[in-house]
Amino acid sequence: MITILFIGDVVGEPGRTAVKHMLPELKREHGADFIIVNGENAAAGRGITPRLAQELLHAGVDVITTGDHVWDQAELAPWMESEPRVLRPVNYPQGTPGHGSVVVETPKGKIAVMQVQGRSFIQPPLENPFLISEAEAKRLREEKGVRVIFVDMHAETTSEKISTGYNLDGLVSAVVGTHTHVQTADETILERGTAYLTDAGMCGPAVGVLGREREPILQRFRTSMPAKFPVANWPVRLCGAVVQIDEATGRALSIARINKIVEKPAS
Amino acid sequence: MITILFIGDVVGEPGRTAVKHMLPELKREHGADFIIVNGENAAAGRGITPRLAQELLHAGVDVITTGDHVWDQAELAPWMESEPRVLRPVNYPQGTPGHGSVVVETPKGKIAVMQVQGRSFIQPPLENPFLISEAEAKRLREEKGVRVIFVDMHAETTSEKISTGYNLDGLVSAVVGTHTHVQTADETILERGTAYLTDAGMCGPAVGVLGREREPILQRFRTSMPAKFPVANWPVRLCGAVVQIDEATGRALSIARINKIVEKPAS
Amino acid sequence: MITILFIGDVVGEPGRTAVKHMLPELKREHGADFIIVNGENAAAGRGITPRLAQELLHAGVDVITTGDHVWDQAELAPWMESEPRVLRPVNYPQGTPGHGSVVVETPKGKIAVMQVQGRSFIQPPLENPFLISEAEAKRLREEKGVRVIFVDMHAETTSEKISTGYNLDGLVSAVVGTHTHVQTADETILERGTAYLTDAGMCGPAVGVLGREREPILQRFRTSMPAKFPVANWPVRLCGAVVQIDEATGRALSIARINKIVEKPAS
Amino acid sequence: MITILFIGDVVGEPGRTAVKHMLPELKREHGADFIIVNGENAAAGRGITPRLAQELLHAGVDVITTGDHVWDQAELAPWMESEPRVLRPVNYPQGTPGHGSVVVETPKGKIAVMQVQGRSFIQPPLENPFLISEAEAKRLREEKGVRVIFVDMHAETTSEKISTGYNLDGLVSAVVGTHTHVQTADETILERGTAYLTDAGMCGPAVGVLGREREPILQRFRTSMPAKFPVANWPVRLCGAVVQIDEATGRALSIARINKIVEKPAS
């Protein structure tokens, strides 16, 4: 059995610190063999820098996924070529910097991670997420001989995420959504063995709106005037999922949500 | 203490049957004094007819909310004038058929229900949900003397829903979201006493996409070709929330999610 | 020299009748060798049926393009396989019914027509219009030996249309936009010889909104309530463009707008 | 007769210089009594600063309208309170900085200018443009006794603009659209005397995409990668409209488009 721990959109310094601080404990508690973190909001809410990505990798994260914020920090795109463990959505056109999937050798065998981005109410427009993620899953299985495949589906709507789960059911081990920053309560194992959760939720400031300070966002909605939206403060809500997988078949054995409040560690 | 049971978007015949079948048991189990159901998908997924609304009211539902599907059935708009217990979003322009809020006299005092609809990634464009729902909450408190106010926030994005929760915190007893059909796991009581849940989830066919059959929606996403999206079949996932409220102050005492599989009742 | 006459979105019976009635006169007046008509609103505003397409072809239209309304009439998709002169956007996924381009043999040589659909504020989401239309233009030039290529760019935003013009400049003879139903006044020949017009305008009822009756649309905007939007009545505004092309090189020699009121013909 | 000259979205330094340079000649050529300019892209394409607004006013512009870019420059909002001749859309909520309409005394009588912003495919969401612009037009007529009213309708879609024209027909002298930066060819006088044009077009660099450099925008569309979009260079395309109005009734007598290339003036 392989146990994968996934943590949703890490928001700002509090989110990053919470991940690094909690990783040993979470790993132990859940017996995790492999850690995946969505880092698209790690840099003050906007993307992730190479340095911040390296910090997370050094802290024990195995693969970092991103999303629509992937290019917010200009240094990331050139650097991604040299770091296959930091992913951007697979459904960008051919020739795009970086990679949409990666295969990692582990003591328990190969683990693949793929990221795909939706097209409903999310920008920029990308290529067909359904056809491309399915083709990529088949390629990983057939050409690379991988059985354990984890998919981060970064999308706005529940329908596009659920449909991705069904579309990849039996081809991959897990489809877990990100982007809305709110954890959903619909974890399940689909008919052909794929673990599914519409949204993992974020790892960011618990009080606020999606990890950002409450007041400017309220003012924005009330007045339609522009505002800056700084990342809020501790405590952090750390959300994610733990998926247990039969490494021989790639079928999920279980999926459980993680959702906990993390107080600021004493420094 | 007043206990309100809320059930999210009821989808099609399976959803309606599940509500009617489970209502006595749910009422007993949770000690519910008042039942609110979002019925915007009751008529084969598209709106609700006067007849179906009456069936739900006769079955013990006290107030029915709707959403962006409110006008899908043409008979509803004229009929709504005569049935104040079926709501449409409050932030339609003045002169719109129907009502955006209602005050119901109960043995435990007045209970108000309000529905508001968001403006991010949801159609049609309506007037300012923040300013209007806040003004309406104040009007209900000041002019009508109501303390127990339940708000169904029908919106697509988590940010608009969470911000509505904060905006109405302390003014209303509960803000519970609908529309995405997937229950979120973030129930909480906000600082000034308002119970909050981003989405209650639906009451509709469990296997499928948001209560509809899986295959046509998958084909739609894969091919971008049009399709019909019939309501799927039993079993039903019945989702909602139970909110306990101090009727003297209107403050929420607790909020708990409901999320259960309902098998087709023997007829 | 080859002269191509293009007529924008034909709306309903008045639009169809105006095209058929005016075609001989327009052909003579402009010395047109080849007629292309956008027919996406021919069937009461919603798509086009095989029968209506055949009527236009029999009346002298050489190629019919469509757009986001292409599948509104269910019979069209299966029928398109057998009629290569009726196009759907080229940037649908592989395996989609119908064709996104066609090469027609004429006394003056081969003429290709291609249709592409944008992705900004237009549904459904399709594949990359820039990369695909460019690849298709190159294929038509290299594999098919075509020099005269006319592109109907069906899109909402001016930026996506203008950018398509620049992207295909020198590869095709003309890029003319459709979909907004209002003719723009920016006809030009780009640096490398491609004729360009952001929108050709429609061929439909002149008084109304985009060919439809005025009142229901006004009510829709004022109230956010649903309404039916029937096609309006005569007279018709017939809009389009005439492009003269050097058939040896494919370069455009001139582009001129057509914009005239057509009264209902005596029957 | 009052003659109003309107110039569409002024883009960057070339656009501003072209307006200032051409204003005397345009005024003379068209016998203009009153000059209105849309300045929402004056500051390097993003909004307008108080200083740039003052420069235009000093150069002879009577009223400046804006649009969705109105708040791009942070200094504008506080300054607008003191300068009623610079408008923001009228359909912001009550309490928004600045004004949505202004009445100017001229030797030929009062002239009112109003700006309204659409809600289809344009951000941020504002209040109902139809009901609010109609109420404001009536207020200007009844409370202020104004007959000559010019409306800048800033919107993306042709349907929302045309419908605004019909909605205000007979209440105002002219409805001229902005925002798409491409001039439309549909100038007309509606049934009850309102001059109408779907889009005036911009006053900005002629070669490029909506006044910006071509290459970064092409790359953006081709790759879905982010880019900076600098304002392009000379020559400028100066677009607008001249409307002649009977000042006794407010009815439009004529509307004509302006569309000319302006070379960089020798300095």
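Letters A, B, C and D mark the chains as written, and numbering starts fresh at 1 in each.
As a working rule, a residue touches a chain if its C-beta (ideal position, glycine included) is under 8 Å from a C-beta of that chain, and two chains touch if they have at least 3 such contacts.
Labels paired with UniProt names: A, B, C, D = TIGR00282 family metallophosphoesterase.
Please read these numbers as outputs of a predicted model, since none were measured by experiment.
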Task: Intersection of the contact lists for subunit B and subunit C - done: A, D
- [ ] Note the rotational component of the Cα superposition from subunit C to subunit D, reported as an angle of 0 to 180 degrees in steps of 5.
- [x] 180
TODO: Have a look at A-C, C-D or B-C and name the one that copies the A-B interface, over half of its contact pairs being the same.
DONE: C-D
TODO: Any chance you could check whether A-D or B-D wins on number of contacting C-beta pairs?
DONE: A-D
Open item on the list: Taking the mean of the C-alpha atoms as each chain's centre, how many Å separate subunit C from subunit D?
Closed with: 30
TODO: Quick one: report the Å distance separating subunit B from subunit D, using the average Cα coordinate of each chain.
DONE: 43
Open item on the list: Can you list every residue of subunit C that touches 2 or more other chains, as numbers and ranges?
Closed with: 93, 125, 128, 131, 222
Task: Interfacial residue positions of subunit B with respect to subunit A in the complex - done: 121, 128-131, 156-160, 162-163, 166-167, 180-186, 198-199, 201, 209-210, 214, 217-218, 221-222, 257, 259
- [ ] Write out the stretch or stretches of subunit D touching subunit B in their complex.
- [x] 93, 119-120, 125, 127-128, 131
Task: List of subunit C residues in touch with subunit B within their complex - done: 71-72, 77, 92-93, 95-97, 124-126, 220, 222-226
